[in-house]
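Below you'll find the structure, written out as structure tokens, and then a few comments.
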Amino acid sequence: MIPISYYLILSTIIFTLSIAGIFINRKNILVLLMSLELMFLSVNFNLITLGNYLGDLTGQVFVFFVLTVVAAESAIGLALLIVLFRNKKSIDVDDLSELKG
Amino acid sequence: MTALTIILLISPLIGTLLLLTCQNRSKKYSILISNISILISFLLSLFILYLYYSSNSVPQSINVLTFADIKLFSLYFGLYIDSLSLVMSSVVTSVSLLVHYYSISYMKHDRSFNRFFIYTNFFTFSMLLIVFSNNFLQLFIGWELVGLSSYLLIGFWIKKESAISANYKAFLVNRVGDVGLLLGLCLILLSYSTTDYNQIFEIKNSIDMDRMDIFGYSFSALSAICMLLFIGAMAKSAQVPLQFWLPDSMEGPTPISALIHAATMVTAGIYMVARLSPLYELTDGVLIFILYIGSITAFFLGLVALVQNDIKRIIAYSTISQLGYMTAALGASLYSLAMFHLITHAFFKALLFLCAGSIIIKCHHEQDIRKIAGLRKVMPITYLAFLYASLSLIGFPLTSGFYSKESIIDAVGYFGHTIPYLMLLLSIFTTTLYTSKIFFKVFFGKCSLPKSEENNFKIENDRQMLLPLFVLTAPAVFLGLFIYDPLMMGLLFQDSLAANELTISFYNNYVINSLNFFLHSFMTINFLILFAGLIFSYFYFYKRSFDISIPRFIRAVIEKEYGFDSLSRYFIPRIQNNISRFLWKDIDISTIDNGLINNTSNIINSLSNKVKKLQTGYIYHYSLIIISALILLLIIMRIAH
Amino acid sequence: MLYEYLPILIFLALALLFATVMLSAGFIFGGSNPDDEKNSPYECGFEPFEDSRMKFDVRFYLVAILFIIFDLEIAFLFPWAVVLDHIGLEGYLAMAIFIFILLIGFIYEWKKGALEWD
Amino acid sequence: MFDLFYIPEIILSIGILLVIVIDLYIEKQKYFSYLLIQFLIILASFYALTEVPTHAYSSYEFSKFTSLIKFLLLVGALIIFHYTYRHLNYLNNLKIEYFTISVLGLIGTMIMISAYSLLMLYLGIELLSLALYALIGFNKASKLSSEAAIKYYILGAMSSGILLFGISLIYGFTGSIDYFEIAEQISSVNNNSVQFLGIIFGMIFITASLCFKFGAAPFHIWVPDIYQGSLVSTTILLSTLPKVAVFVVFLKLYFIPFITLAFIWSDILIFIGIASIVIGSIFALTQENMKRLLAYSAISNIGFIILAMGLVTDDGLNASLYYTIVYSFTALASFGIITHITSNSHGIEDISDLAGLSKTHPYFAILILITMLSSAGIPPLIGFHAKLMVIQALINNSYIILSVLVVLMTVISAYYYLRIIKTIYFENRENLISTYTRNNILLSINVILLLGLGVFPFIMFDITSYLASILVDISI
Amino acid sequence: MNIELITFIIFSSLLIFTSIKVITSSNPVLSAINLVFSFFLSAVLWLLLGAEFLSIILILVYVGAVMVLFLFVVMMLDINIAKKNAAYIKYLPLGIGIFIVFNILIILFFINTFENINYNAISSINIISESNTENLGFVLFTDYILEFEIAGLILLLGILSAIILTYRKNPNNKYQDPARQIDVRKKDRLKVIKGLKE
């Protein structure tokens, strides 16, 4: 049996990686969206692991809902990306600075 | 009753607001709105007064609206409904109503006609606020609002230089009083941590004589409070040495002098002390102080009136002197007598002023009595009204003034305050003198009006101006007779004023009843002095059968108002100018404006400009900030636990 | 339970192994002389006019969204189908409502013309 | 489950599905669909008032408190839609989908309010957030709008991730996602155990995420950009409905499952509250853009709410409830006025666009005057009482220095509110100001309430103390 | 060392590697491919945790649909990938710093914490069979019905907003409406105009 903490550490690492991905990435909003996907993946990891540890199905049900919601969310996110691209002809993160101050 | 009282109270306020909105409309609106709103108040006060007495109600203190309730203090709008406040409000609204009506004609040619009514309506509201307040904060607010409207009205003719300086003086003196009031308020909050009258009245019984130590001196907190509050009252009610603003305030329109500077506002101080009589009863020394201040004012300022020549100024000094009587009555713990004199004085002094206004209008704004003469034939109604008012003022037997004033003098004597008694006694003589001076000079002799206007003799003045004279004559002369007995038996202001038993004992042992008092008065020294004064003035002013040359020194002293004149005319403006120049240039501009405010605002603005750059607009910075904040919270919690 | 999946794991490992071996064998043993021209899209010498990736139309995206949504519907249908015996009418109606909600979305997409291809 | 049929959420959901279909077939008559939606909301608010408190579903709570808040939300939505419809029409950007998406978001807020488990809470928050993403990006032709939308999307999704991480920790260390069971579990945990630390970690993650949704510093960073970028109609929505909902979530989370951790979160909340007030006041000073300025003012208002909540006392709770309602009202009014005005044939963007309004449209000028004075906390208006209550609560709990700081910040913030008034009344610039309506009764009522409830503050005191009392009922 | 642990180690290290690749590669297509790998690897790890159904769903929905969507968008947007992205190097230390701090905070705390926790009240579990899918379905459709419907609403909202945001009708397109073609009558098309007499 693999110790539960291994999984948790793994998920934490992925979580932090995804957060790092959000702010070290200067280029492409798409990659930001992918980082967010990674983030939700890690959270799901957490939930499944803990649910497994507790011997409880709630964690898995939760993950199921998270998967559903995140799919819808990324659909909207990509739609917004398309709108942005139509307006700006670019999806550079650096170009997103008209609103500031 | 509460609801009615609220309506009574806010009716003038609503009037003010309406007037404000139709400031540019025609005069008719202003007249209608202002008079009707005051009329509502007046009728309601009478009605509530009737209700109060007929239902044998007890005083009630109602908190209508609470604005804030902090441990330190609570700010609320409340009503104190009892006989005292209701009687006072009836007096205020009745005089106000008549003056409003009178002003329609008096002010009809004025350009700022509408503005005038805004101010007067607002004044009535503020005065009612004081009258009905049940806590010190509301009192203070009303006090300031009254001061404000008085200030605005004194300087009503903004282009008149003397009006502006009078305005300024009144403002200044009232500030002195306000400081006293405010300090008193603070002290109340500190020692009782409440501002409600009733609560304070209750507390004072339990810990009445708590002593405070300030700078090593130990004194009773209550006395200090009462003393400070009385300083406020002194400024408002024009007592020595804060009296000198009142004569100057006659620069305002005459109806205003009648309403504010004779009948109502100046009595606010008296009213406040009467209202707080339960507190004053417990103090040591303060009452004696009040008594002496009152009698000094009554006597010495009466003297000053003798040497004046401006009709309004004479009446103004007479007002101060009469206020001195009231104050003296307060000082002798004769609160109901003070209130009584307040009421009667309100009517006859208002009447006097309105007569003066009528004269002034007739004589085209000539106020110097040396230039006015022989108006008896020209203005019969005014003549009669003035006659009755004067009789009341000098305390001619059976008039209102007689009952109120003679009672005060006799009672002060009766309770053994010898020196004040003497001073009050003597001032009967001066009162008689200056009153008859106006009377004889103005109404007798050769008519001073130009011939060309004699055609107009048929019309004395506008009817709107004369009606109030009629109406006011009745209370000015007869009111005293009707309410004297119930008042003296302590029925009128039952439960509202402290130390009723003093008055009652005086009544039972000395007065017995009003008729008896009337008969008895012919045998007293009072009447003798009065009579002597009348005889003297008849010969001196009317027949001019002899001439008295007063030593120049004394005359000068009196004319200069014992130095207050120069104080007010010369020193105070100068000191004030210097101080305010210093405050303006050195403190305000260079320290506060530039140093504190501008620098602070500059610093904050530049700070704002700098930190604004933190908002870079880049998502990665935003996410970095959010994550850093999260990590910060985590670390703090990790360390803390 | 997990042992049911062991064959898959082994299969995966084998597949990976085979692929790696094949590719690396080709890479190691085969000859390769790369050249700029040789690597260009058209070895005949034509320069390509534009990127070989052509811009997709937005309709692809719209269809893909519909695909995701109904994929998720299927994901919910699976467990529903296997426990239909146990969950009774309530579970049945729940799924009916769910499908109805998505049907509204479908009608919307259709009526809006998002599925029309020209 | 089917006995829940008459709750406002379900009425709204069914209705909105129908409206989506109906609108497809009567595309031209938008006004009809709009009226249908308004009718739906009125119907739902009726049901919200008559809702019978039951415990039919364990993870969904029905109580008087939630019903009342839902009612307030529905009324708010009604008003917002009323302001919005003609505004969008005026800008030629009217689509019925705007309202259907808003209603879906509204359902999300109601779910958040009623949620009694973390899963339900998550779904509610997501339903709301998804709707907001779409609404912010609704103005497709505008660069700013799409930029704002993508920003909000990325940061919002990140905060959802943080929320989920927190939820997973709470779930892992308490073994449940139900509020009540979590509360029981936490109260039995030893203060020095590892489990306790894990729960605190989870709580902090959740707090951070909720503060993000709330727009409280230092998680406020998205607020001004998004307010500026989106349509004014979206900004009204953003500044009222989600705030109230998140506020209720805060209350329910902190006063039900996390109540035993109050000694920890009270410090956090006070810190966040003070930071928000300071940042909101200072950043707003030099703003030129009207919506940005109001965004910062929103941040500082949120700070007041959180600060009052962080006191964990009855008067703090009262004050925060009071402040929330007052804030929503004021925000409704201030943004509502802006929706009615256009300057130089675009919506109001900069403050200077409003110059000369008092000459051309005195009615709107007076409305703005009252609203801004109320926001600045000038006495007879309701904003004064709200601020006073918070400061009063601070003093009563002997946070004297903090209260002085708060008063100072209030003074600073008064400066920029008064600046708007100054622009309107004393600056002359050639602006082509026009409005699509001469007056709006609902708007006038909204603004007059700011004044009226300020003069008679006890009405609101009664409402909030009633709300607080029924809130206490459910938390025990 | 048992086979489970070996599998875990291999797959988890691969997962971390691919995750790093996702956030660092300059080409979004590569990122997407790496993300697909990550999903695959996670699915395997979820299998190890006993969440069979979810691991299948992860592959089915995420790899099958969501990542396809991502790739569509990559293709649609025609992003110029040639531009080299070097800016992130500047911020890399910061990223690493945050990464480390965060990990220290949480990971240190996770190690060996779960061995000595006792729960007082764990909700009872409904297990109706051996199968993970059946159990999940049973829980889902009995305890979480309301949540399930809300998920439906969320999906609907996803459809609505995606269409509203991206779809624009091309007015130049010419459509053929078969229904109208069939429905048409003579008088709709033909209009007899009386000619003017010369």
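Each chain gets a letter, A, B, C, D and E, in the order it is written, and its residues are counted from 1.
Please note the rule applied: a residue touches a chain if its C-beta (ideal position, glycine included) is under 8 Å from a C-beta of that chain, and two chains touch if they have at least 3 such contacts.
All figures in this text were calculated on a predicted structure; none of them were measured in a lab.
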Next on the checklist: Counting one step per pair of touching chains, how far is chain C from chain B at the shortest?
Outcome noted: 2
Checklist entry - Which neighbours does chain B have in common with chain D? => result A, E
Item to check | Contact-richer chain pair [D-E vs C-E] | outcome: C-E
Checklist entry - When you take the mean of every protein CA atom shown, which chain's own CA mean is nearest to it? => result D
Checklist entry - From chain B, which chain is the farthest off, judged by mean CA positions? => result C
Item to check | Cα-centroid distance, chain C relative to chain D, in whole angstrom | outcome: 40
Checklist outcome for this item: Distance between the CA centroids of chain A and chain C (whole Å) is 19
Checklist entry - Can you give the whole-Å distance between the Cα centres of chain A and chain D? => result 26
Checklist entry - If you average the CA atoms of chain B and of chain E, how far apart do the two points sit, in angstrom? => result 81
Checklist entry - Residues of chain C that touch two or more other chains: which are they? => result 58, 61, 65, 68-69, 71-72, 75-76, 90, 94, 101, 104, 108, 112
Item to check | Multi-chain contact residues (two or more partners), chain E | outcome: 4, 48, 50, 53, 57, 61, 65-66, 69, 73, 76, 91, 94, 98, 102, 106, 113, 119, 122-123, 136, 140, 143-145, 147, 149, 151, 153-162, 165-166
Checklist outcome for this item: Touching at least 2 other chains, the residues of chain B are 612, 615, 617, 619-620, 623-624, 627-628, 634
Checklist outcome for this item: All chain pairs satisfying the touch rule are A-B, A-C, A-D, A-E, B-D, B-E, C-D, C-E, D-E
Next on the checklist: With touch defined as at the start, can you tell me which chain D residues reach chain C in the complex?
Outcome noted: 1-2, 17, 20-21, 24-25
Checklist entry - Inside the complex, what are the residues of chain E that reach chain C? => result 3-4, 7, 47-48, 50, 53, 57, 60-61, 64-66, 68-69, 72-73, 75-76, 78, 128, 130-131, 133-134, 136-138, 140-142, 145, 148-149, 151-153, 155-156, 158-160, 162-163, 166-167, 169, 173, 175
Checklist entry - What residues on chain E touch chain A, complex-wise? => result 4-5, 8, 12, 15-16, 19-20, 22-24, 26, 28, 31-32, 35, 38-39, 42, 45-46, 48-51, 53-54, 57-58, 61-62, 65-66, 69-70, 73-74, 76-77, 79, 83, 85, 87-88, 91-92, 94-96, 98-99, 102-103, 106-107, 110-114, 119, 122-123, 125-126, 132, 135-136, 139-140, 143-144, 147, 151, 154-155, 157-159, 161-162, 165-166
Checklist outcome for this item: In the complex, the residues of chain B that touch chain D are 65-72, 601, 604-605, 607-609, 611-612, 615, 617, 619, 622-623, 625-626, 628-630, 633-634, 637, 640-641
Item to check | Touching residues on chain C, where the partner in the complex is chain A | outcome: 58, 61, 65, 68-69, 71-72, 75-76
